[in-house]
Amino acid sequence: MSGPLLLAVDGITVDFDGFKALDTFSMTLDKGETRVVIGPNGAGKSTLCDAIIGRVRPAAGRVLFRGEDLTGLSEQAIVERGICRKFQAPGILAGITARENVALAARRDRSWWQAFGKGIPAEEQASVDAVLERVGLADRAEVKAGELAHGEKQWLEIGMVLATGAELVLLDEPTAGMGPAETSRTAELIRDLGDTRSVIVIDHDMSFVEQLAAPVTVMHQGRFLKQGSVEAVRADPEVISVYLGHSA
Amino acid sequence: MDAALLLNQLFNGISVASIYLLAALGLALSFGLMRVINMAHGEMLMLGGYLAYLTLIWVPGAPGILLAIPVAFVGAAAMGALIQLSLIRRLMNRPLDTLLATWGVSLILQQAARDIFGAIGVEVRAPDWLNDSLQFGAVVIPSARLFIILVTILVLGALALLIRRTRIGLTVRAVNQDRMMAGATGIDAGRVDLVVFALGTGIAGLAGVVLALLGPVTPSVGQSYIVPAFLVVIMGGLGSVLGTTVAALLLGLFSALAQTVVDVSAAQMLLLLFVIIFIQVRPQGVISIRSRALDE
Amino acid sequence: GGEESETAAISEDAVKVGILQSLTGTMAISEITVKNATELAIEQINDNGGVLGREIVAVVEDGASEPATFAQKAQKLIEDEEVATVFGGWTSASRKAMLPVFERTQNLLWYPVQFEGNECSPNIMYSGAQPNQQILPALGWAEEEGYESYFLVGSDYVFPRTANLILKKHLEDRGLELAGEAYVPLGGTDFSGVISRIRSADPDIIFNTLNGDSNVAFFKQMQAAGMPPSELPVMSFSIGEQEAQAMGTELVEGSYATWNYFQSMPDEANQSFVGAYQEAYGEDAAITDPMVHGYLNVYAWKAAVEKAGSFDPAEVREAARDLGGIPTPMGEVNFAPNGSLVQTAYVGKLGSDGQFEIVSDSGTPIDPQPYDPLAFPDQSCEV
Amino acid sequence: MLLALGAAAPFYLSGYNLSLLGRFMAFGILAMGIVLIWGHGGILSLGQGVFFGIGAYAMAMHMKLAAAGDGQLPDFMMWSGREALPWWWEPFASPVFAILAVFLLPALLAALFSWLVFYRRVSGVYFALITQALALAFATLLISRQDVTGGFNGLTNFPSLFGLSLADQTVRDGLYWTTLALAALGYAGLRWLLATRFGNLLRAARDAENRIRFLGYNPVPFKVVAFAIAGMLAGVGGALFTMHAGNISPALVGVVPSIEMVIWAAVGGRYSLAGALVAAVALNILRDSVSSAFPELWLYLIGLVFILTVTLLPNGVAGLARRVSRR
Amino acid sequence: MSADLLELRGLSSGYEGSRVLWDIDLAVAGQDILALIGRNGVGKTTLLKTIVGVQAASGGQILLGGQDMTALPSHRRARAGIGYVPQGRHIFPHLSVAENLDAGLSACGTRTRGRRVPDYIFDLFPKLHEVRDRKGGFLSGGEQQQLAIGRALAGAPRLLLLDEPTEGIQPNVVDQIEQALRHAARELSLTIVVVEQYLEFVWRFANRFAAMRDGRIVKEGKTSESKASDVAAFVSI
């Protein structure tokens, strides 16, 4: 269903003063694949993102991206290799407009000596417009990002992640604070991405997960618990007992 | 280098560290809480020193020096409270501006001291038992320095108790970590700021008293201790009392030992170099607090 | 330059002079007293008919304890106020900064403080002691007293460092021992390391070129460490009556100082000067060596102007050398051809009243020697 | 308009006042650098005196060597007991090297220092305090190495500049024109820089450093480059100051002057290049006249100026002017 | 039904330069549970913040039990009986769970002395007992949400403001939170205003609702009288 192996998380353990937020966790992701990661609060989903993106150093294990070991690289070096992550809390530059936010993310050459110029190249300009269109912020483009509503900020940040052109996109609870309609739009957005990029989505909203129609990995207490389609996972008694309960 | 020199300097280092610590504690506390640095903090040392001087004119001898301690504490705390209410409160969330504005306060206080007490230093006559020294073989321990170490240990103990064990301490830590939420849970953050700031400047006032036992009290006495105190805060890590203590010890000992081989001025240079190298290794300071917040 | 100031600064009945001392900053406490003494002399001269029939008008500027400000204000006094001459300076740093201004404008500075020598500008009259008029006589006295091992403590600036450089050459030359040498930044108060080093060096005497407040900390910490001046003698070069009293005499009592003037000097000229000063500035005002030099500089300038019959700095400075005796509180003195004052050195011991008791003197006035022949054999003064 | 005012100055100011204006304008060049790093980069440096000092000393060393003449030691080395010129003094005999050093040395040192600190993600108040310690250490170093730095006295007594006599009024006028030209150049250059993407990213790094990291930018070089440029401007200011004033000493580069430099930018307006330039000149003129008339008052006054501008006019006089003109 | 506990009269509020709330009039009776619904960005969070006082009102009045709160700082309002569970939870990250709860006692004001965190909080959220010595900042999102509610309850509020309590919470914990809140509301005679996007959840739980659009309240009513699907229009596009 998808291309060659892109990401391999290989037995990583993240230890916080004796508490193992991730415990020899492994997973792989193919090029062009979308994967949903669910699991109880505290299962280690956000920590997984942190480990991939270089925010926390695993005590054991490796993260391989296109076969290259990422362990020990700086955040921006990892971003340069084509991984970008959206945080659980929206991370945007509040002081500049939505468009400028996206434009910054869209810059291909991010070295300081390339910055002594004004504006951005036409082809990047076009991609900025395309991204804004795609996340539905075209008419809010000139608003200061800090003044956007919570949900709009989330979209803007998704837009920024897209604009970086990253091959692997990590979305940690992209629908947090969104209503059903926005959620559907977000799902649509992510499905569109599927052709060109690999995506890892973390969320608790099962209806959203359903709309994504992608394979699901379930985590529990820092470990791998299950993997399968949404339906399979929903029906799994173990998943029901540790996570879903009966209301969902 | 001979062993006696080394031992003497080790002891001196601890006493210098004590002064650094008393000078830095208040800075560290209010930095942790309000993210502001009070550049007039050195002048709280000065104030403490002059208050000790005045107290000892009024009550000479041993009772005087013991009385000077609460007098200086209260006096400097009151001055701190005044600065907090009139200036720092207005500059909430503008730490760099606070730094500059309090520098203005520092200039004014120094000049005022010059106009009141004269530009030349005044001398605090300590009782004879503080001018003595204990001798252990080749190691000579001046009792004034011993007294300083003792005062520091007491202050530190009291402070640790206050922060760890009392409700005031809890509210201080809560405001420290999330000011908005502390207000919403019923904590009067403004009062916590005031109390902590006054407490910190009061401790600086104490530092002024012990300094007066070693040297003259001059309008600029604070300036000579304030930069090392800043370095202590930097090395200590975000407003942590333990970190501040460890950093003060490191810097005090480093400076004292450096002085056995080089001049005081070279020792100052080395001190900065030491701090810059230190932050290469531990940029978060001695005590680092891990947090999940994206921006610290 | 000089030509113009001849016309602008000097009117029918007045002549403008500059006084440039630190009125603010760390040096103010000392320098203000020199300014006062200078003003006292001007007032006295004006009361007695002025100079060449003209009243002296003093323009006072603040050097703010910063060398660059001294240079800037000197330029202002000369180029803007067009003064005939300037009285001022204390630290060598301020003098060094002003020197090029005086040389460029061909004006004349009267400098009142003991210093490290190694300088003789035709545009400066140095009335403070040269090293051979203060430091070396002190060493001579100490050697006679039988002290063999010397520890040198000083503030970190040019006077102590150069003075000690000269002292070290002479110690070596005389077969005396250098026990150690330590410098503390100006205003520094942490002597723990220095004292530990003194203790382990165990000298016979300390030669102290510390300046200002550092002295309080030094004597205090020495006392706390069990080494008061009564146990370990200290010879100071920057502690005068005023400093001793401000520090509290208990602390420094029994220590020594060498100067060319002490307030306790019994001569009548001195008594009347002390009386006049205290009448103007308070009964308890202490009188120090630099003040007297600041005071006598004005009289020397007056004498030179009268001898030259002109206010032109070039002529005045020629006339100032060899005036044939200017009466001053420290007796009759004279400027040598190299522009420095010929004067006697006195060693004093500080009593509990804050006054020095003179314990020794050089006997005859000493010719000033800007370059010490031992330390700087190849240098000489060319004026 | 400012340029015209500056250009007219030689025609109505006396030699002394022109030289004062020249040195204050040199301060103004430095103050514009503070606007770059503090206003736009959020980097408060309390150590600009260091870079000012490096530029000033580089130029002073050259003039000192020129004054000493061939093969001779500068006077202070002689009386400090030194027998030979230190190797690192030697290249300063060349005027070309000295001029290059004025521009490059402060920039390089600023880059190195700030890289060490920023690389470890130390910023804000911490950075300000470390720069203050740097200023203290630099001044202390200068004082304690008297034999090679002139110590507390600093360097003074250099009568000529590149073979021209500084006593000559046309040379002094020329110096003023040079200062004016460099100030104008600095202003134009910074304006351009702030309008580029570099300026945007610098401001983004100021507002949300970690955010831009996760967009793949490394904020460190942006801050380092800005700091180096500010260092260079400070160095140029220092060199010009030394030429105008005829001396440089540790008293001009330590903690207190370094902080005063920030107040120039604060009073002018931390985001305004022109404001900082004008404020540096105006405050120093004020200081010169107030300290002559009421020496005691100056410290109270500057203290009050600090407090009032920072609390009441966070955008300085430039901000006030803009607000007033908008009405 | 008792008299109105919370009353908003012509309340407006906003951020620098932009007005977010426009003349809000709202009354919440004692022991009511009011669901505040509306799309992203309509001003729900801003309304709650303005009621607790961490955001200043630019006009109008806030009355709690008839007492005017408008000019009071937030800690005074907390002490008057307003408990707040913010969006994003705002746990004190370096305080332990137990200390976070202790801090919640501050809302008891001068009555704090000698008080302990009531046991029923641990009965409501057993998980908190398990992690009571862990630092708040190290908890996962769901754990933090429980802690935030527990902390607000520790202050014995009369009025509890909840901002999206199910956001980012795993489904079975959502159930738990619902149970806990129902229980607390009943036992402690709480009045609750809850902002929520998850309509099914609030409809099970609230007895009244108010829908917001563009900073105004556009519809109010009883949850029993309108179906969740009827008001869904206010939440979706």
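Chains: A, B, C, D and E, in written order; residue numbering restarts at 1 for each.
The rule we apply is simple: contacts are C-beta pairs under 8 Å (C-beta built on N, C-alpha and C of every residue); 3 or more make two chains touch, one makes a residue touch a chain.
Chain labels with UniProt names: A = Urea ABC transporter ATP-binding protein UrtD; B = Urea ABC transporter permease subunit UrtB; D = Urea ABC transporter permease subunit UrtC; E = Urea ABC transporter ATP-binding subunit UrtE.
Worth saying up front: this structure is predicted, and the values here are computed from it rather than measured.
Enquirer: Going only through chains that touch each other, what is the minimum step count from chain B to chain D?
Expert: Minimal hop count between chain B and chain D: 1.
Enquirer: Centre to centre, using CA atoms, which chain is the farthest one from chain E?
Expert: C
Enquirer: Going by C-alpha centroids, which chain is farthest from chain B? Tell me that one.
Expert: A
Enquirer: Check A-D against B-C and say which one is joined by more contacting C-beta pairs.
Expert: Result of the comparison of A-D and B-C: B-C.
Enquirer: Any idea how many Å lie between the Cα centroids of chain B and chain C?
Expert: Centres of chain B and chain C (C-alpha means) sit 38 Å apart.
Enquirer: Where the centres are mean C-alpha positions, what is the separation of chain A from chain C, in Å?
Expert: 76
Enquirer: Determine the centre-to-centre distance between chain B and chain E, using the mean Cα coordinates as centres, and give it in whole Å.
Expert: Centres of chain B and chain E (C-alpha means) sit 42 Å apart.
Enquirer: Can you compute the centre-to-centre distance for chain A and chain E, using the mean CA position of each chain? Integer Å is fine.
Expert: The computed centroid separation for chain A versus chain E comes out at 30 Å.
Enquirer: Indicate the residues of chain E shared as contacts by at least two other chains.
Expert: In chain E, residues 138 touch at least two other chains, as defined above.
Enquirer: Counting only residues that touch at least 2 other chains, which ones in chain C make the list?
Expert: Only 156, 183, 185 qualify.
Enquirer: Could you list the positions in chain D whose residues touch two or more of the other chains?
Expert: In chain D, 140, 143-144, 208, 210-211, 296, 299 touch at least two other chains.
Enquirer: Can you name the residues of chain B that touch chain D in the complex?
Expert: Against chain D, chain B makes touches at 31, 35-37, 87, 90-91, 94-97, 99-101, 103-108, 110-111, 115, 223, 227, 230-231, 233-234, 263, 265-266, 268-269, 271-273, 275-276, 279-280, 283, 294-295.
Enquirer: Once bound in the complex, which stretches of chain B touch chain E?
Expert: 167, 170-171, 173-174, 176-178, 180-190, 289-293
Enquirer: Can you check the complex and tell me which residues of chain D touch chain C?
Expert: Contacts found on chain D: 14-17, 19-20, 75-76, 78-81, 140, 143-144, 146, 151-154, 156-159, 166-167, 245-249, 251-252, 288, 291-292, 295-296, 298-299.
Enquirer: Along chain C, where are the residues that touch chain D in the complex?
Expert: It comes out as residues 23-24, 61-62, 64-69, 71-73, 75-76, 79-80, 91-93, 96-97, 99-101, 103-104, 116-119, 156-158, 161-162, 165, 183, 185-186, 375-376, 379.
Enquirer: What does chain A use to touch chain D in their complex?
Expert: 53, 74-76, 79-80, 84-85, 87, 91-96, 100, 104-105, 107, 110-112, 115-118, 120, 160, 164
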